[in-house]
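One chain, subunit A, appears in both complexes that follow, with subunit B as partner in the first and subunit C in the second.
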Partner chain A sequence: MSVDDVRGRLDGLFERDVTLVLAVLGAIYLAYVLAGVAFGYGLRGQLNSIANLTFYIGAFGMLALALNLHWGYTGLFNIGIVGFMGIGVYVTALVSKPPVAEGGAAQVGGLGLPLVVGVVAGVAVAALFGLLVALPALRLRADYLAIVTVAFSEIVRFTMMSRTFQEATVPDTIDLTVAGVRLFSFDPAADTIGLGGGGGLILNYTDPLEALLRLLFLWEPYLGFVAFVERNFIPNNPKPVIDGVVYGIVLLVCVGLFYLLLSRTGKSPFGRVLKAIREDEDVANALGKDTDRFKLTAFVLGAALMGLGGILWYSGRGSITPPSFRPNITFFVWIALIIGGAGSNTGSFLGGAIFAGVLYEGPRYVKNLVEAAFELGDAPRNFGEAVAPLASLDPVPFLVYTLDSVSQLRLVIMGVVLIWLMHNRPEGLLGHRKETASSVDLSRPGDDGSSGNPAAADGGETR
Partner chain B sequence: MSISETYVRYRRTLSEEPLAIGVVLVALWMAWSLASGLATGGIRISSLASLVWDGLLRGLIIGLAGIGLSMTYSILNFANFAHGDYLTSGAFAGMATSYLVAGIGENSVGALLLVGAGGSVFGGALGIGVTTSPAAVVLGALVAGGLTIALALFIDRFVYKPIRDESGIALLITSIGVAFALRYLIQFVFGAGVRGTTASGSVPRVDVPAFDGTFRVTAHDVTLILVAAGLMLGVHLLLQRTKLGKAMRAMSDNEDLARITGIPTERVIRTTWIVGAGLTGVAGYMFVLWKGTLGFNDGWLLLLLVFAAVILGGIGSIYGAIGGGIVIGLTASVSVIWIPSEFGRAAAFMVMIVILLFKPEGIFSGRTTA
Partner chain C sequence: MSGTDDSVTDGSTPTEEPIEDDSMPAEDVPTEDGSPSAVTEESDGDADAPTDAETPDRTVHAPEDAGVSVDSTPLEVEGLRRTFGGIVAVDDVSFDVERGTLTGLIGPNGAGKSTTFNLITGMLEPDAGTVRFNGEEITGYQPHEIANRGLVRTFQIARELEEMTVLENMMLAPKGQAGESLWRSVLPVTRGDVRKQETDQLERVWEVLDFFEIDHLADEYAGNLSGGQRKLLELARALLTDPDVLLLDEPFAGVNPTLEKRLLEHIHELRDRGYTFLIVEHDMDLIMNNCERVIVMHQGRILKDGTPAEIKESEEVIEAYLGGEV
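What follows is the complex of A and B.
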């Protein structure tokens, strides 16, 4: 076996997306476990840290995949992601929160329907708003569409915050009777419904994980498993930790489902038209495709997935408040997509994972690591107190202040990374992975379509 | 045009433009409810006047900020999402100068330069205001413009210039990165707190009579109008009377053609940044002086309204930016007559969306950069 042969095999191995994804995830998790060891975490601490990381990898992975359908496949410049997320989770809350009489202290009630109904309603309403935005806006140029979508997401946030929709009393008993069957009815008088205004909503429905496991008839076995862990590994109350880990796994499964759905969509005739629209809408139009319809469908599907992403992200949080739905989240998802490379589903997920592990959660871990390693004392209260000692060549206060402001600085880092990417790797870290609109291999005859050929990347997705 | 033609046209409009009809109906309803409100005394003329006054001033700020955005949008061909943070930068640079000029000697220089981060100095105590400390305000405005120019040129040199030939979307995404980096660097240095910057109690004010009451005009309102009008006139003269304006218009029409004709495109771009960023910095400073508070998010929160104004007026047109700014400002302020006050900004965005749908080239279309 020649050296070239070995190299070819190695390249082949690395070209396999599964290997690549596992390698990146492995590296991120290893780093977090090592950091946990450095902190002196026990099993509980490690699991908590892993659960948190998995949660964000799952959340950003899902949203980046959904955005990839908009931007990577269809070329729709949507920067209103957070609006659809917010609509999804708020509608879920409205539908599934118990009426006030049952909910106790919670200030605003809901319809009290099962969580499954709430999730379906949330996704449906997010899709509906996707349609509402897309119907007029898809005619617009990319940069106008961007401004319209971000304005839309801000209008959504203003609505969440407004006093007008804060609370409305449901006037009388409302019975929905279809063919003699009473579907639901409200307790009158005390029942209120609304978006909760600036104070947000308390999500006092069944825990989403519990609802899901009950739906799958896995709740009893799960409780048994928790008891088993309690007996053998983590004494006293391991349930929150295990909940976190299992919820993270659920999110990863959802990412897998998103991936399957979107890569199937991408390879279908429908998906090929989307890619053709991205490359040149006029040509696609000239070939007899009703591009408006295709764009509309893609936008609505993506909006629904973003709604679901928002529901999965926030519905287990205990409460939701409007400030969580600032445009920053939208830009986070964009950065994740650009890291991975728009146009490739594998790239989108990898971008989401790298963003979550390195840029979103990473700086905090670095801070904690440094604080664990050195005895640093209190941080200066403001920049002035941090800089003043620099004159006497004492950099410690400045460094401590920098560490202490890591939650702001990580956004600076994100911005710089985004600029760097746009300068050096606008096609994403994976390189040219944009899927072509063609259904046949566009590579030249005689070229076996291995590494470095952009056209071959189309088939590279599921190998 | 014969009657039947007109009739056919209206029928076509009815069937093809349901949205347009909706807009017209909403406008009719608004006019009716305003008229009946005024007639029955439900809406007082003086409160309407004070809303209009507020909207006009807000609109001047937005318009002033919009000129810079409009110029870079048409000449560099991308929507600069970092523009709002240029406003914030100008505001902080200018206010730091004003604090320093007004408070030097009695307070620590560091606290003054950080615009009283963490409550170390208060603008009210320093007596910042156009009548109480005119030198500080003038210097502040100048430094705001100057530093924003320097910042914009620096960012252009290291961020935008290397990817000048990329698509507008690539530049737009890059500008989002710039916006993040700038905004949170400002927060890192100046802190997250919103501070009061002016001695709002000691700003002279007059109550202007308006039929059934009065509305208030302060010295800062007047300053804002004077500065905005002066700068707009200056830009008008610059673009109309100098070769630069012609070169800019040529570039925004067709950059390649402009270069072939011998227009030094890079130099025009630099001048565009200088003029645009200077106006933006001053606008940011005037905004903060006028509203009396300063936070690291101010510019970003204003940005979408500025975009709305620029799109409304037609990208590239400075008169459009000013006119659009005033329309947007008035919409955001006066709309509270018809809708809950939380939705003032939402109404301005809706106006922008409606304009984009029906007249994407803007209401003052047909002109670029002049």
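What follows is the complex of A and C.
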């Protein structure tokens, strides 16, 4: 029964979603490949560009999904996403960085444990902080939770920068003594440990991709594959390029796992209570649901996923510094979620993909495209020089200047898109759809077939 | 199966089995497949407890099989008091509600009816006084704890979960859902059980939807329903929690006469099955014509407590309604 049942239940909704997701991803990738062709990229260039795109689609996809659990499902206004990300990756670094002796000069060491342990610890500590933030804040009204979370994420960032936590020396032996009896003596591998202050931490642990592949016993085949590519396609040193592409794929797989976990969470009695809390907490309470427990669980799970998102985002980089964890990342994730449609898991991923492909990375490509198409010469050095020629009706310097500052303008573009969305489609691409919160099909039992999935058939837009 | 079992074993709902051994022909809620009783939803055996509308009195009873103390007054309120700033909203309110009755709570605006409701159901904490439910003191309990004991309320302004479908609204209500644990919902091993329970629960949800004749709206968003339909949904939803006593806060406000009649019929039918109701209402006639007992509140105090006939003759009540403030 169950397999057919599941299949039948998923058919309508699932096929539509898969088609939509593939269409959007296809369009974005096609645009990037075409842009690459226009730039005259070779295979290496194309792969780099694709890897970069995939990385951000994966990263924003994951984070938007995690935020959707907080905001889309439960109505918890979390604007401290980046704090949980930062905690995740910093803890991973502390646990997995090699002790200083191996790491070399003037830098902080870590505990030197395997990266897997570091990742697990990072996620766990992010969850723990989720609990810590949520416990007092959930008793307050929604807007206060927002204040608490944003303050929390700033506290995290300032803690990272603080001199106090910059570096500490670890004693050579740690004795655990209880009531005069020495239980065990422990010689920590670490010599120094700390958050690195404003200079951040160098992530000199094993490359996460390598660690993962070794864990799966795929490292040797992978090296073989790289050698194969080197012989046949990309002559010199293709490994970084392939690493990038494969890491992007790993992130997409993680998105898939997030999606699976969160859609299971959503399509269950648990998810139903979360939705009810979002709609009207008093009602859920009056129906006998212990809403505090549900909010807490949801918040902790979301915080853990955000921590994992942070780890996956940053641990592939050589180093992390506190300025990477400014609140703008939080707002990027929010924009992604709003584009996709809060409340819909598919929408969250789509929003993440569109945000990454169009708003986050897109402007830079547009700039490069224009520059490739026209010989524009050097941009004016400042705004005055850009605007002055407008008096003589020469817009070119101004346009060139604008194009040159596109990475700053990106934020303006995001703002405009956000305002436009709020006015014209506040529910996002896939908001307001009936992703029914139940583990089973709710149509009348024994009444299958035609009316089997009316919710999916009309896409749920009843307004 | 587990679903209904759970909800029954949690003990607080012993009184819904109106007449277990009754041999009278069941005149049941018509469901499409002719299956018996939708709403009473006892555990296994007594799903077909008859409900003969012509002999309502017999349902005022003391259930035989219940382990919990079953007295004839499941809800007892004593000396309830609550102030907001300097205003005494509820002052020394005491009453009790008899099992299997429709009790009306009326009074002019600002008489403290809704506050009393909020105090009973844990939405507000009383400054003084006690609330006892089925013999247990529940004063100061959390709303969900009170609801889980079988004392369930509806709201004055129908508070639907607007962006959830009618079905989701209904599926939310039943107690003891295993899938409300995150782990059990997510882990493959246990998800099967969750689905099983949901499937069982779904059957009952559809029966109740049929009973209230809102099955055609099942896939609508609750926010798209009319005011009257929302009231029906809210009552239906409350019923799915297996309540013992239902507190209805102005169930007829904003409901057109046809729907009002239907709602009343439903309430009477449920009462006949052993449910107990306490209804807050503005409309005096409605209460007088339908309730066995009426409590009149005025300025935070209980003005009069008696049968409709007694209330009608009471000078004080007439004074309060006609002479007092609006």
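Just so it is clear, the second predicted complex is superposed on the first by the 398 of 463 C-alpha atoms of A that agree within 3 Å, B and C clash if a C-alpha of one lies under 4 Å from a C-alpha of the other, contacts with A are read in each partner's own complex, and residues count from 1 in each chain.
The definition used in the following text is that a contact is a pair of C-beta atoms (placed from the backbone, for glycine too) under 8 Å apart; a residue touches a chain by one contact, two chains touch by 3 or more.
Note that the structure is a prediction, hence the values are computed from the model and not measured.
May I ask you to decide whether A:164 touches subunit B, subunit C, both, or neither, giving the answer as first, second, both or neither?
Once the two structures are laid over each other on A, A:164 reaches subunit B alone.
Which partner chains sit in contact with A:388 here, subunit B, subunit C, both or neither? Use first/second/both/neither.
first
Let me test your reading of the model: by the given contact rule, A:412 touches which partner, first (subunit B), second (subunit C), both or neither?
So A:412 only meets subunit B here.
With the two structures laid over each other on chain A, which partner does A:234 touch: subunit B (first), subunit C (second), both, or neither?
Once the two structures are laid over each other on A, A:234 reaches no partner at all.
Which partner does A:124 reach: the first (subunit B), the second (subunit C), both, or neither?
Neither partner.
Which holds for A:245: it touches subunit B only (first), subunit C only (second), both, or neither?
Neither partner.
State whether A:261 touches subunit B only (first), subunit C only (second), both chains, or neither.
In the superposition, A:261 contacts subunit C only.
Inside the complex, what are the residues of subunit C that reach subunit A?
33, 121, 123, 142-145, 147-148, 152-153, 155, 159-165, 167-168, 171-173, 175, 177-182, 185-186, 191-192, 194-195, 198-199, 202-203, 205-206, 215, 218-221, 224, 237-238, 241
Note which residues of subunit A are touching subunit B in the complex, please.
Residues of subunit A touching subunit B: 77, 136-137, 139-144, 146-148, 150-152, 154-155, 158-159, 161-164, 331, 334-335, 338, 381-385, 387-388, 405, 408-409, 411-412, 414-419, 422-423, 426.
Would you pull the subunit B residues touching subunit A in the complex into a rising list?
Going by the criterion above, the answer is residues 19, 78-79, 108, 110-111, 113-114, 117-118, 120, 159, 162-163, 166, 168-170, 172-174, 176-185, 187-192, 304, 307-308, 311, 340, 342-343, 345-346, 349-350, 352-353, 356-357, 360.
Considering only the defined contacts, which subunit A positions touch subunit C in the complex?
Touching subunit C: residues 2, 261, 264-265, 268-273, 275-276, 278-280, 282-291, 294, 297, 301, 343, 432, 434, 436-440, 442-446, 454-455, 462-463 of subunit A.
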